[in-house]
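Next up: some structures, all given as structure tokens.
The same subunit A turns up in both complexes below, where it pairs with subunit B and then with subunit C.
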Partner chain A sequence: MENNQQLLHKSIVYGISSLLLIPILATFIYSLSSSWGATILPDGFSLKWYGELLTDPRFIDAFGRSLFICIASLALATLLVLPMIFVIFYYYPKLDKVMNILILLPFAVPPVVSSVGLLQLYADSTFQLIGTPWILIGTYFTIALPFMYRAIANSFTAINLKDLIDAAHLLGASTSKAFLLIILPNLKKGLLASLFLSFSFLLGEFVFANILVGTRYETLQIYLYNMRQTSGHFTSALVMTYFAFIFLCTWLASRLTRGNNL
Partner chain B sequence: MNIKVIKQEQKTITQSRLLSTLLNYKPVLWLLPFAVFFYLFQIAPMVWVFINSFIYEETWSIENYQEIFDSAFILQSFHNSLWVSFWSSFVGLILAALLVSSLRHLNSRIKEAMIAFTNMSSNFAGVPLAFAFIIILGTNGAVTLLLKQWGWIDDFNLYSSWGLLTLYIYFQIPLGALLLYPAFDALKKDAYEAAALLGASPFQYWVKIGFPILSPALLGTFIILFANAIGAYASVYALTSGNYNMVTIRIASLVSGDLFLEPNLAAAISVLLMLLLAFITAINQWLIARSYHGK
Partner chain C sequence: MSYVTINKLSKRFGDVTVFEDIEFTIEQGEFVTLLGPSGCGKSTLLRTLAGLDNANKGEIWVDGVDITHTQPQHREIGMVFQSYALFPNMTVEDNVAFGLKMKGISKKQAQGDIQKMLDLVELNGKEKFYPHELSGGQRQRVALARALIVKPRILLLDEPLSALDAKIRKNLRQQILDIQKELNLTTIFVTHDQEEAMLMSDRIFLMNQGEIIQQGKPEDIYTKPENEFVAGFMGHYNLIEAETAKQWFDIAATSKVAIRPESIYIKEAGRQYADHISTPKLATVVTHQLLGNVIRYSLQVENELLTVDLLNRSSERLMPEGSTIELLFNLNEIQPVGV
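This part shows the complex of A and B:
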């Protein structure tokens, strides 16, 4: 009876997870096979698609652009969010409730809806925004915001903020000095974990990039989409390379959060 | 002379008071940059969409909304989006709940590996996912050929509503599982054992205890999956090149298509989409509140 039940649970877990694994695995095999036409198994294996991809200057450029946009928007988000959360938790703890509602907005409003407004608002701005990376950096900040706010706010509630700052004041430090030298090191893990997590899905962002910028500043996802007409093996190699990168980021994030719990 | 000194002192006192109240508000300055950026990129676009949905040819009117209800094409996009969103959330939620509830009975090493795996596969969405599906389930996809050979299917069109539904269910499962992991921790083994001691069958336990405890989490997860599906754009766009009629595809083509740009109509569709989401969330909240009363 016990054994039977265990078997049932195992088959459910392995069944569903292998369903989830099939597309990933198939893409991987496809990227490694030299050709795979209307047959169930591929004809032969080779690494040539990866070689082709990694020597394509357009891919390197797109990857570089994506890295630039993601890192810049995360830097912006950190600069804006860190002082904001500190001020809220230290001076106006009641605002936390308001913020928890505000940060739901980027979740609740689909990117397509936001981009309708963004396109019209900034179409004729004197400082050109539409079609440049700058508009993406601004919108990506709003995407990262909910995750960063929650992660950093959790770190703040885990430390005795008031006591730490008061102790630092007693020892003659200013509030900003206390923040930089005492509070910031305590937040490091939560902050880094949320940054890696945000990075992994900013890299996968397509909607804003496609509607607001498109081919004028080709990011990784736009490049991927534009390559859809070329060989499926090539795009598979591209998807796998991208996925390996994402895997590294989420792995780092989960390592950091696990360390935090201990 | 004396009076003058006193007045001078009073002046400096009020000045320093003013200064100290200003200093009290100094922390607020640190909130300002955040507020400006959040306004520019989140609030302002929403406000623009709301206001302009009521403007037709530069006058206030509800013409945009009338156009939506007169257009069978736009109504069809709502119907398609609702259909795919509802069923993908429903099936995805059931599969995710099965996965999470079975996972609780396996040892902790498998559990941790599965959480890491779902975390990873939740990132497999959008354009890359659509490509992967074309490879395995497209006309010449390996899985399509395999299923045809076994005689399970005659033909499978990935670019139809059923193909889309499969794709949507795929990306709902990991997200649902991630949201449900913490909720299932609330089910204590003691409750199951206590029920068993009192003579309840596993079925009775689930109907009377397990499900009522979980129902708020299940309903809450359902609404997040639903919102996720109805706002999805990248995967359906990449799969069908924007040829399948969905609400998000309609909105995007009205603002960034090659011809007939009608941003105000797009705004009206957007407002209706948000209203729909708000309405479904409200029903959901009501159901959650009721499920607590039931206890």
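This part shows the complex of A and C:
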């Protein structure tokens, strides 16, 4: 009986997992095959699509731009959010409730709607923002905010902030020193986890990038979109490369959050 | 002039007064305890002394200097918290060295001091451990070492034993006392546990609702409670109405009188009692609790319910519920108390 139950549970889990894996696996095989047309099995395997992709300067540029935008927005987010959460938790703990509502706002409005809103807002501005990476960095900051805030706030509640700062004060440390030497090292885990999570999310962002900037600053997703007319093998290789990169990030994130070395 | 002088110190949070016009003095090397029920303002008073909370009014003088508005970093006051407040990202050694590091003394230079301090709290060999790898008692000893290494002028202990289990609490209590005597450290201890306060203190300040109700040596506070609150808080005093006291003991009481459970005797046949142990009364056993070495009886005498403690010499002496016995009172220990 017990064994039967086990078997049932296992078969459900494996069944769903393999179902979910099929498209990825198919894309992977497709990206590796030299051509795969009217036959059941591909004609032959080759790495030429990957070769083509990785030597395409446009791809390398787009990848670089995407990395730049993601890293810049996350750096901005870290710089602003960390001190902000510290101030909220140490001086105004009641504001945490307000923040929890505020950070949901980027999710409450669909990207298409908010990007049109942003276009209208900044279209007439004397300062050219639309079509530059800067507007994307600003927008991505708001998308990353909820992930960052929740994860870091959780780290804050896990430590005894007030007593730790008090103890540091009595031992002669200023508030900023206490924050740098004691609080920050204890937030490392939450911060890294949220950074990786936001990073992989932002790297795959398409709607904002397409509407606000488009081809004027070709990011990875825009590049993928523009390449849709070329060979399917080529775009498959592109998707697989992207997927492998995200997989690496996720794996790193889970490794870092699992470690108990604080 | 005393080493520490508190002058008309008051603290409010918004409209709520935490304590008002607190005044006391402490001599160098003295161990005093702020004792009181939770919410009486004792912890806030301690935090105000440390500079972690600001006083609304009043002055704090230490060693002839007014430190009321000094930043906590410059007060040279050490503190141990109930929650330990150890820095979780640092080893034992780094935790202890933190205060010195803030003074610009490197861990290398301070190696001797750190070792001495860890010896003092019996934690040598644990230098490289992280706080989460230590037991509660060990953590609190790290916190103690961390506070002591910077040679504070006053040591504040905010319920440092409350989170520990009974046996470790007993050991650490003694250890704190030994260190305090060895370093001749002026110490202020906060607790809600009257037994702990009695055992450790040179003097006790008993607080209630933001006021110091009574201060003095432990034995004085225990045997001469000034009012009902003190009598209720210290031990399990019986409070007897003035009218009843007049009838029973023929004393001119204007307020309630207090008598401790161990000052009432259950009369044994054939035993001689001193003259001041008299006024026999008949009582009915309502309940009894076995506390270990003591049996605590709850007895009905006329309209009064009295608590009487008896040494648990042999199990045959356990009086069953409902049985009638004769009580004697130690008249010297009857204490009139104010309201």
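The working rule: the second predicted complex is superposed on the first by the 259 of 262 C-alpha atoms of A that agree within 3 Å, B and C clash if a C-alpha of one lies under 4 Å from a C-alpha of the other, contacts with A are read in each partner's own complex, and residues count from 1 in each chain.
Basically, contacts are C-beta pairs under 8 Å (C-beta built on N, C-alpha and C of every residue); 3 or more make two chains touch, one makes a residue touch a chain.
Given the structure is predicted, the values throughout are model-derived calculations rather than measurements.
**Q** Quick check on the subunit A-based superposition: subunit B and subunit C, clash or fit?
**A** Overlaying the two complexes on subunit A (C-alpha atoms) leaves subunit C and subunit B fitting together cleanly.
**Q** With both complexes superposed on chain A, which partner does A:Pro146 reach: first (subunit B), second (subunit C), both or neither?
**A** After superposing on A, A:Pro146 lies clear of both subunit B and subunit C.
**Q** Does the superposition put A:Leu118 against subunit B (first), subunit C (second), both, or neither?
**A** After superposition on chain A, A:Leu118 lies in contact with subunit B alone.
**Q** According to the contact criterion defined above, which of subunit B and subunit C contacts more residues of subunit A?
**A** When the residues of subunit A touched by each partner are counted, B comes out ahead.
**Q** State whether A:Gly190 touches subunit B only (first), subunit C only (second), both chains, or neither.
**A** After superposing on A, A:Gly190 lies clear of both subunit B and subunit C.
**Q** Is A:Leu224 in contact with subunit B, with subunit C, with both, or with neither (first, second, both, neither)?
**A** first
**Q** Kindly classify A:Pro133 by the partners it touches after superposition: subunit B alone (first), subunit C alone (second), both, or neither?
**A** In the superposition, A:Pro133 touches no partner, neither subunit B nor subunit C.
**Q** Just subunit B (first), just subunit C (second), both, or neither: which does A:Phe201 touch?
**A** first
**Q** Now for A:Tyr91: first (subunit B), second (subunit C), both, or neither, which partner does it touch?
**A** first
**Q** For the overlay on chain A, what angle lies at subunit A between subunit B and subunit C, C-alpha centres, nearest 10°?
**A** For this superposed arrangement the angle is about 90 degrees.
**Q** Could you grab the smallest C-alpha gap between subunit B and subunit C in the overlay, to the nearest Å?
**A** The answer is 12 Å, the least C-alpha separation in the overlay.
**Q** Intersection of subunit A residues contacting subunit B with those contacting subunit C?
**A** none
**Q** Write out the stretch or stretches of subunit A touching subunit B in their complex.
**A** Those residues of subunit A that touch subunit B are 5-6, 8-10, 12-13, 16-17, 19-24, 26-27, 30, 36-41, 76, 79-81, 83-84, 86-88, 90-92, 102, 105-121, 138-139, 141-142, 145, 200-201, 204, 206-207, 210-211, 214, 221, 224-225, 228, 232, 235-236, 239, 242-243, 246-247, 250-251, 254.
**Q** Hey, which residues of subunit C end up touching subunit A in the complex?
**A** Residues of subunit C touching subunit A: 47, 50-52, 71-75, 77-79, 81, 83, 85, 87-90, 98-99, 102-103, 130, 132, 143, 146-147, 150.
**Q** Given the complex with subunit C, which residues does subunit A contribute to the contact?
**A** Touch list, subunit A to subunit C: 159-160, 163-164, 166-174, 177, 181-182, 185-186, 262.
**Q** State the interface residues of subunit B toward subunit A in the complex, per the touch definition above.
**A** 27-28, 30-31, 33-34, 37-38, 40-49, 52, 95, 98-99, 102-103, 105-106, 110, 114, 116-121, 123-129, 131-136, 140, 142-143, 145-146, 149, 170, 173-174, 227, 230-231, 233-234, 237-238, 248, 251-252, 255-256, 263, 266-267, 270, 273-274, 277
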